[in-house]
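Down below are the structures I want you to see.
Two complexes, one shared chain (chain A), two partners (chain B, chain C).
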Partner chain A sequence: MKNLAMPVLHLVLLGVIIAAPFVFPDYQTQLATLWLFIIVSLTWDMTGGQMGYNSLGNIFFYGTGMYVAAVITIGLAHNVSEYTDAAGGGIFKFTSAQYYSGVVLGSIGAGLFCALSAFIIGYVTFGLRGPYFAIGTLGVAIAAGELVSNWEWVGGGQGISMPNYPGEQERLFIYFCFAVVGVILYTFLRWLYSTRFTAAINAIRDDEEKAEAMGIHTMRYKLTAWAMSAFFVGIAGAISAFQLLHFEPLETAYQTINLGIFMVVCVLLGGKGTLWGPIIGATLFHVFKEITWNYFLGWQWVALGALIVITVVYFQEGLMGWLMAKKPEWFGIRIDSKDPASKIAEAAE
Partner chain B sequence: MDQILGNIDLLIQFPIVNMKIIIDGVMIGALFALAAYGLALVWGVMNVKNLAQGDFVIAGGYVAWWLSRQGVHPLLGVPAAFIVMWILGWVIYKLVISRVIERDLFTSLLATFGLAIMMAQILNLMFGSDTQSIDLNYETLHFADGLIDVPMSKLIGVCMALSLAAAVIIFMKRSRMGQAIRATAQDARAARVLGIDTEKVYAFTFSLNSAICGAAGAIIVMAWVIQPFYGITYSIRAFVIVTAAGLGNLPGVITAGLGIGAAEQYGSHIFGIGYQQAIAVLLLLLVLVIRLLLQRRKRQVLQ
Partner chain C sequence: MSAIIEVSNVSKSYGGVKANSNVSMQVQKGGITGLIGPNGSGKTTLFNSIVGYHPIDKGSIKFENKEISKLQVPEIARLGLLRTFQQTRIYGAMNCVENMLISMPHRKMTFRDAFSRNNAEHIERAENLLDFVGLYEKRYLRGGSLSFGQQKLLEFAMALMNEPTVLLLDEPTAGINPTLINGLIDRLKRANSEFGITLFVIEHNMRVIMNMADHIYCLAHGEMLAEGGPDEIQNNPTVIDAYLGAH
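== the complex of A and B ==
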């Protein structure tokens, strides 16, 4: 029975994922954005929750992915600097073959480029611990945004326009692009979190010095984990570039104070270091965000800032952490003392 | 590229331009140092890394700006901002900061980041997103055939910043509360054993930091400009200065503050004004890397 429950649950979920955009055709854009939130939260949790390295700069890979995808797509068909000089301008036409090859090659190229830059940046920043790592990565993201906004070849502060989708159902296409990446990421993480690799990065989170003393090559593990998460964020950024059609560096691509902090809050809201925590957190956060956007127009940012502060200060263990403390048997944790809360607290430390 | 080389060439051919850049940089750097001193105070005493530092500065600036629009003399805006931001800092301490002191450092970083977003947005909703400034109508002093011009307003601002810094330093050295703050920074538990109410000390320290930032902002709005979203760069500059100088190193904070002011002015002169923010952030990365390399020689990490 137990063996059958999980596959059935997953099949039902897959059915819901495929049916959702057809059942709610008016919400296709919101659903696509929900997938984006899920992807970036899951990837943030790979380093933040599982490895204990709280990055505030994962948005760097999102923005870089957008720009790499744009440059590849445009570069395959036209001259990039002529294109950005004309600011898109409708002078340049893309055939549908060029568009689709741009989506595929651009996404893969963005993922690989981001993974490579994670290796390079990580080599420097992983020497920093705790808050210094967070500030250092935040610095990387802000600096990248400022530098790109001065780089005329990719459009500078004006940003860059993407080709239009050649067919009718553009929103559906974007939704399924995100959904495919999300499902692949979920499957990959389900497998990854059962391997020795995750045991090693969990050891780094719990005590890096001891992990190193046990013979774990910590730098290699940290770089690999960050590169994997950067790969998926880069792809998500690439698809976002095709979704938004036009983007500029500071507010959209390297949006440090929007998505860059939202992904952290999503993970904290759902519960750090679990597979389902980021997914639930992203869903809750996205719903909250859409509601405030609709009903508190003008004050939505204040409401979101308040949500961040309240989540961080009062509810940091997240929904999954709270459930784990209330119902430990659901998670396969056996309690033998009379005081479950203290045991959980010990285990968590 | 030619433009950059041309700008460097200008600096070499007319050394007096260097003088102008350094004077400009040192004047704004004095205010950076003030905000950084507040950050170092909070960081050292209660181990909270305040990412809302820059937004306190901007909020103080808006207090002074709003008062001057009501007809209050701009110079009175500085003490007014000090008092208003003291109260605001106390409220924020009671609501948020007091609950994150005992927690890990990332919590305080994230909570204050959320606070920063909130404050920037509230200021934006209240005052709009235009850049604002108070026009003091004071004369401008000219030196070296008009190549160097120093507005009186900037000079007054820097003098006020210096006297505020001196007052805070004397307060920390001489007064009973200053002693208690320094004792808590050294060892909070021992201070508690010896009868110091550390909770009160924490609240006082955070309010003091907020008030210092507010006064700095009120000075900035007289001689420079403010805008609701400029806060994060002031926070980053404060972090650069404190990371470079270390905690409890007052001469270091002042030197680093003046240095970063001058470095930014040089950078924006050579690369263009669009790079000014990028230079502040790149300096942070540079400082982190240098400190990292120094630690690596001792086989330690920056934590």
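== the complex of A and C ==
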């Protein structure tokens, strides 16, 4: 009975994911954005929640993913510097084949490039702990934004334009791009969180010095975890580039104060260090944000600030953490008084 | 018996404070060696030097005839030289079984092994060791929710899970109630005799150390004051002076 519950639940969810954009055609863009929030929250939690390294610089991978995808897509069809010099003035045409190969190769390229960047940046910043790591990574993201905005080859401060979708259902296409990445990420994390790898990064979170004293290869695990996280953020950035059609470095790509902070708030809201916490948090946050942006325009940032303050002060462990404190037995936290001999005998029967 | 750890002429100072000066000592393979000394005499500094926690100023430290004074903490741990902490350290948000499973010896694990799950054999071994230290019933509770004494027992069980060759214990009985102490001494001795783990123990509790150790070193003011069997140390006037403060 219990063995059947999870597959059934997952099938139902998959059905909902596929049906949602057709049932609510007017909300396709919002649903796509929800997926973006879920992806960046889940990946932020890989280091923030599971490993105890609170990065404020994951937005670096988002922005870099956008630019890598743009350069690959444009470079496949045209000369990048001629294209950016014309500021996307419409003289450059893309065929459907060029568009789709741009989406596929651009996303994969963005993911790989960001994973590699995480290895290099991580090698330097993982010497920092706690707030210093957060500030150090934030610095990387801010610096990247400034550097890119002065780099004319990729359009400088004006940004860069992407080719249009060669069809009618652009919003639906983008939704499914995000959804596929989201579902793959969820499946990947369900597996990853059952392995010893996650036990090792959890150990680093709880007490890194102890983990070192026990002989765990801490640096290797930290770099791998961040690279895996960066891979998915890079892909999410790539898809965003195709969704936005035009983006610029400071406000869209390396948007440290928007998405860069939102992903942290989503995870805190839902509960750090759990698989479902970031998903629930991202959903709640997205709904809250859409409601305040629509109905309390002018006060939306105040409402958002209040939400962050309330979460940080009163719900530090998030929704899942609150549930874990109320119902520990749901999470397997219990006293089990059977002695091992009788348990082994029981298993043998 | 041969020496498994050889410390020769090790000095370590923090700023102007000479925590260890010209300390030489040996830990015999298969035995239980004790290290005593008044507060601030440099015992923990010596431990930290051996496990690579900080660089030493001069001298040499050998483990199984290999110079280890230039190696990092995790590298030394993977050689099979493990330590526990004076201020107990366990993984607070993980339950006892998870604490045990992540303590499996990493020297025997490749990076690929990290992406597999623990099998029933590992889990059984973890549970048996938890039973060995008397934490079986609490194995699904979070490490952080255990009492200080229980956390010490968990840390000890985690160390055993790692299958070390030598285990350095920094005050294993501090903060544990007197009835539990007898049980702990018994388990430490069994870890030595049954699992064949060489023990090197810092201890303030004289009753405990005299009961357990076959050879004892006494540090005072960063220098090696005396060494010998438990009876020799107990009757050594300089040791008694150091502890009572006459100097």
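Everything that follows uses one rule, which is that the second predicted complex is superposed on the first by the 334 of 349 C-alpha atoms of A that agree within 3 Å, B and C clash if a C-alpha of one lies under 4 Å from a C-alpha of the other, contacts with A are read in each partner's own complex, and residues count from 1 in each chain.
Throughout what follows, contacts are C-beta pairs under 8 Å (C-beta built on N, C-alpha and C of every residue); 3 or more make two chains touch, one makes a residue touch a chain.
Predicted model only: the values in this text are computed from it and were never measured.
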- Message: Both complexes share chain A, so when I overlay them there, do chain B and chain C fit or clash?
- Response: fit
- Query: Which holds for A:Ser149: it touches chain B only (first), chain C only (second), both, or neither?
  - Reply: first
- Message: Once chain A of both complexes is superposed, is A:Gly298 in touch with chain B (first), chain C (second), both, or neither?
- Response: first
- Message: Just to be sure I read the superposition right, which of the two partners does A:Ile135 touch: chain B = first, chain C = second, or both, or neither?
- Response: first
- After lining up the shared chain so the two structures overlap, which partner does A:Met228 touch, if you call chain B first and chain C second: first, second, both or neither? neither
- Message: Quick one: is A:Gly127 in contact with chain B, with chain C, with both, or with neither? Answer first, second, both or neither.
- Response: first
- Should A:Tyr314 be classified as contacting the first partner (chain B), the second (chain C), both, or neither? first
- Item | Which of chain B and chain C A:Ala32 touches, first, second, both or neither | neither
- For the overlay built on chain A, what is the smallest gap between any CA atom of chain B and any CA atom of chain C, in Å? 6
- chain B contacts chain A in the complex at 49, 96, 99-100, 103-107, 109-111, 113-115, 117-119, 121-122, 124-125, 232, 236, 239, 243, 272, 274-275, 277-278, 281-282, 284-285, 288-289, 292, 295-296, 301-303
- Message: Please output the residues of chain A touching chain C within their complex, sorted ascending.
- Response: 192, 194-197, 199-200, 202-203, 205-207, 209-218, 220-221, 273, 332-337, 339-340, 344
- Listed in rising order, the residues of chain C that touch chain A in the complex are 51, 72-74, 77-78, 82-83, 85, 89-95, 98, 101-103, 105-107, 109, 111, 113-118, 124, 127-128, 131, 136-143, 158, 162
- Message: Show me the residue ranges of chain A that touch chain B in the complex, using the header's touch definition.
- Response: 54, 56, 124, 127-132, 134-136, 139-140, 142-143, 146-147, 149-150, 157, 256-257, 261, 264-265, 268, 298-299, 301-302, 304-309, 312-314, 316
